[in-house]
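Inspection log for the structure reproduced underneath, given as structure tokens.
Residue numbering begins at 1 within each chain, and the chains themselves are lettered A, B, C and D in the order written.
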Amino acid sequence: MSILINKDTRLVVQGITGRDGSFHTGQMIKYGTKVVAGVTPGKGGKEVEGVPVFNTVVEAVKKTEANAAVIFVPAKFATGAVYEAIDAGVKLVVCVAEGLPTIELVKITAYLKGKDCRLVGPNSPGIVSAGEAKVGILPGNIFKKGSVGVISRSGTLTYEIVDHITKTGLGQSTCIGIGGDPIIGTKFIDCLELFAKDDDTEAVVVVGEIGGRDEQDTAEYVKKYFKKPVFGFIAGKTAPADKRMGHAGAIISGTSGTAAEKVKVFEACGIKVGETPADVARFVKDKLA
Amino acid sequence: MSILINKDTRLVVQGITGRDGSFHTGQMIKYGTKVVAGVTPGKGGKEVEGVPVFNTVVEAVKKTEANAAVIFVPAKFATGAVYEAIDAGVKLVVCVAEGLPTIELVKITAYLKGKDCRLVGPNSPGIVSAGEAKVGILPGNIFKKGSVGVISRSGTLTYEIVDHITKTGLGQSTCIGIGGDPIIGTKFIDCLELFAKDDDTEAVVVVGEIGGRDEQDTAEYVKKYFKKPVFGFIAGKTAPADKRMGHAGAIISGTSGTAAEKVKVFEACGIKVGETPADVARFVKDKLA
Amino acid sequence: MKVHEYQAKEIFNKYDIPTPKEKMCVSIDEVIAASTELGLPCVIKAQVHVGGRGKAGGIKIAKTEQEVNEYAKQILGMEIKGLPVKKVLVSQVISIASEAYLGIINDRTAKKTVMMACKQGGVEIEEVARKKPEAIFKVYADPLVGFLPHKARQIGLFLYDDPKTAFACAKIAEKLYKMFIELDSSLAEINPLVVTDSGELIALDAKINFDDNGLYRHPDIELLRDRESEDVNELRARESDLSYVKLDGNIGCVVNGAGLAMATMDLVKHFGGEPANFLDIGGSSSPQKVQNALEILLNDKNVKVIFFNIFGGITRCDDVANGILVAKKALNIKQPIVTRLTGTNEDKAMDILKEAGLIFAQGMDDGAKKAIELLK
Amino acid sequence: MKVHEYQAKEIFNKYDIPTPKEKMCVSIDEVIAASTELGLPCVIKAQVHVGGRGKAGGIKIAKTEQEVNEYAKQILGMEIKGLPVKKVLVSQVISIASEAYLGIINDRTAKKTVMMACKQGGVEIEEVARKKPEAIFKVYADPLVGFLPHKARQIGLFLYDDPKTAFACAKIAEKLYKMFIELDSSLAEINPLVVTDSGELIALDAKINFDDNGLYRHPDIELLRDRESEDVNELRARESDLSYVKLDGNIGCVVNGAGLAMATMDLVKHFGGEPANFLDIGGSSSPQKVQNALEILLNDKNVKVIFFNIFGGITRCDDVANGILVAKKALNIKQPIVTRLTGTNEDKAMDILKEAGLIFAQGMDDGAKKAIELLK
């Protein structure tokens, strides 16, 4: 088992004819993902990596029964692409595209209310259910099928931690890059709710960073409701206040959102925090060994 | 029994200090309605007809446990008043105010989705549950407690028909003026669904008019689902095409929405239509006698 | 509220929706000047607030200067369904490769704004909706997010196979929606939307109606109202906060409430009479309002009998009675007046009217019958 | 993106939110002229993009001409937290009856826009939120309908007992929301919102930050950027599509990805070193980008060692390697370079770099340790 995506996921790639879209379509297929359709308005009828391209997501879904979408389009069109995917009726939308204005996420959140559709991202590196499927840009080769769930606000830092986990000999059930923006579709807690029900997941690693208070909320949730062991990592201990550290969401305002506070709350809620990525992998290994 | 309102309805009057608001507050109290609060921003602390006035509906609801609101405010403020009532958590909002732009009703409809709140109107003369409570401007004296439900897009035409029913010796369970605007919160079918479950209602009179196709939809609903006898009246047989007959919704566009077509569909679905208001009352009397 | 085609096109242009090169003209000289500027052949189109102007001879294509002169004279000054043509639109002739329909309304049943497209242009969309509904492609907007680009693209791809034309159409659809919402429109229509021989999309005809309830937010739109082309009595009624529609009969009806006013007309007809009008004096009527109503009513020389049908609720019967008394004197009304006044303060009303020489009715059936009887 | 107080107030004024009479000045002469125009006493406020300017002596009230001269000289040219003050705002002195706080942000947790009000003005709202959350009244907007009038009235009535003042405040709250949404703001704040002795509401200080992701829709806002008052390296980084923040250490870090870049800084610190910067070269990095990154990095004279930490995914290690080679030569880099390159095309990268005289690391721990070691 795994969460969010698996062997049966039928993926439509929005922006498939773009540079990133076509490259990663190839990578995803290589990993074993069922990429059933691509969409680029005006390019309907073409093929990319053997995948048929449609003009609209509605048409792609109708013709191929796609049930998930991944978005590789320029920022300016990404909001529209999210709505197009939602309206076409897919159950999962992974927005790899970044640069969406925050207020658009407020609207998208309201729009999703009551609909049977989950958004991951924006600014998400994607999802990998090890050995099953990958959606997005995470490098497939670092993953190994196993029992550790990984949830992260970051991209390459996730690779680093996943790589360490794999090198300990353990593997991953599903790894989700939830994205580094202030407002995102799927948060840590949403993923934990799914991992709670996934029998293949024995432990979860939460990779947080400065900014906001999602890590604090997550820690309290873990303490109250989550039965499996959770380990944490928080990036940005040396980050100065009031400066945006790359990610739009990674900014310490006033006294809230510091790494120190997040680490404190994690520890207080029973989530062991690694000082280094290697530490985290070691903690998991020790626990599950 | 009755539908929508009864002896336990706790009403807040929005715009209570206005000319219409204060007059009808008196009339509603006289009929036996529990008017527990009034709202006019800036007039908090005053009293109207012995009813305490608050600055906001939220405060009124908190202090008086009002569960229904009626709106008597100028058109320009009526949309805002509807949202204020919804946000305050009342279960029923009767908008007597008229002149709301149609697009605002599109928005209000979307806003109400998923909320436990019903809007009646705008441009509704109100609701009377005979012998229990009246909300709005319908004259109380023409009603008599009984078993006939009345639903109408009109105001005074409803009085006329109610009066005829009363004069036959029958009475009414609940009478709802749903309002004459193109888009309204509660339609004929919504009321029929409630009447279906109301044991005290033995027959229903549907008073329609030209414009739109609500009467047609209603007739088909009655044929399929509604078990109690239904009688109809359609105003506007002599109305010319493409002219708005008072009500914003009463306009025949092209060939649809004519009285002739509505009467035809009513009859085809087993709803006997009166040529005159007196006819309708007579039909009901004959059936229930 | 309706505006003329030339006004609609000015609004469309503000929203960057392309229309043909055109000039609105009010005289033959102006038409000649416009045709010279735009080149021959040109189209001359009557600007009136009724449909069917083509059938009525209000649209002509002039190929020569002589024809321009001739048709301008013909159309300027003609009457279409009783409305005099005071303005014409002179337009370049577009070479048309294909015609389609694009329109937008607030759907009463779905309670949503809906865009409608049809591959046939120049059609009566309601007619198509009734006879061949599958020919209309409908896309609903969501008020939270508006009319999304992908929905506009769906519209475009429905109408046109060529993606370039389809996406140009999508842009127009988005603009049409923006205009519709921002201006509190009740109908915005491009009919036909044409592809020219050179592959461009253009709104050959444009129509926009406005939601009367939204006009208070658009004083600039209110200014577009062509008072000259409206029925003078309907105009006066609106200014007096009354609602009046003229019909062809001879029994003038004065009623409170739109539904009851319609039912009263129907009842007159039912018993064999002919109603002269729809007239709703509304909710809280003052004596002055009653007087205004009678003045408007009596501008119609066909009115031989007046029938008051009032069911008092907010409307007080004594107010109406006072209005009748004053008006009867002030306007020197000779026509017989049948009154049916019931509800709030009906006793007071009877006291006021008992010496006034009116005919009293018991109920509206009785009133209608008495009014008809008086004509015999 | 941040703008100065004087710019924020110009924007507030466009939205009809009242602010004091003020003049932005860049010289002592301008300050003197402004103080003459506005009258004495007047307030002179430094315009810099950092908080705490009051404590740093950047805000003074001048009561005499002499003081105007003196304070203008003092403030213009001073440095606050390393940023030179090149502009001051000269403002009339307002007689204050009461102070409050009004602000608006997008709430990350609720995923909604939220208006916050507090009866104390001039406070640090995050501080209040932490210590006394019940003192903050929050009202959430719904994106479908915006910030509704009744919610604005609730805000007003929370802050003020007098309905007149409360509803005037409600109007300001509605305007603040409109501004926030229309301009893709990430924070709009009136702190303090004051009631003057004459009972008027006025935004004594105004702040507005903008969502960087929304700036593409607001070219006019982008023009407000005060390039002079920004760190030149951060500015250059942004122009090269890099993300750079200067720190106080001596180990320059070049990393792909924001999270990994932070983790790299943290790791350097963890093993006893001091990171010189945050530097994210982003996803698909070209050799040119690497060269730009190194140029920016080396403008910081504190940098004694350079640590490349690259986990290739989209980023290709050979691209990075090529960038290092070219830059090392072009910029004549003397500092030792520790490289940890793993992932996509790492073998190719090693081939490219094997002769380049770099120090290679196995994993980031090893890299950080080696970088620190080199400083000893």
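To be clear about the criterion, a residue touches a chain if its C-beta (ideal position, glycine included) is under 8 Å from a C-beta of that chain, and two chains touch if they have at least 3 such contacts.
Just so it is clear, the structure is predicted and the values come from calculations on it, not from any experiment.
Enquirer: Give the chain pair, either A-B or B-D, that is connected by more C-beta contacts.
Expert: Between B-D and A-B, the larger count of C-beta pairs in contact belongs to B-D.
Enquirer: With residue numbering as the guide, point to the option in A-C, A-D or B-D that repeats B-C in over half of the contact pairs.
Expert: The chain pair with the recurring interface is A-D.
Enquirer: Between chain C and chain D, what is the gap in Å from one C-alpha centre to the other?
Expert: 56
Enquirer: Need the CA-centroid distance for the pair chain A / chain B, whole Å please.
Expert: Averaging C-alpha atoms per chain gives centres 50 Å apart.
Enquirer: Any idea how many Å lie between the Cα centroids of chain A and chain D?
Expert: Comparing mean C-alpha positions, chain D is 27 Å from chain A.
Enquirer: Please set out, as single numbers or ranges, the residues of chain D touching at least two other chains.
Expert: 142-144
Enquirer: Residues touching two or more other chains, restricted to chain A: which are they?
Expert: 107, 110
Enquirer: Draw the chains as points, connect those that touch, then say whether the picture is a line, ring, star, complete or other.
Expert: Topology of the interface graph: complete, with all chain pairs in contact.
Enquirer: In the complex formed with chain D, which residues of chain C make contact?
Expert: Residue positions touching the partner: 143-144.
Enquirer: Provide the residue numbers of chain B that touch chain D in the complex, in ascending order.
Expert: Residues 41-42, 44, 55-58, 77, 80-81, 83-84, 87, 107, 110-111.
Enquirer: Chain B touches which residues of chain C in the complex?
Expert: Residues 51, 106, 108-109, 111-113, 124-127, 129-130, 142-144, 181, 184, 186, 211-214, 216-217, 243, 245, 247, 255-263, 265-270, 275, 278, 280, 283-284, 311-315, 342-344, 363-365 of chain C touch chain B in their complex.
Enquirer: Going by the contact rule set out above, which residues of chain C touch chain A in the complex?
Expert: Touching chain A from chain C are residues 142, 144-145, 148-151, 153-154, 157, 163-164, 167.
Enquirer: If we count contacts the way the header does, which residues on chain A are in touch with chain B in the complex?
Expert: 113-114
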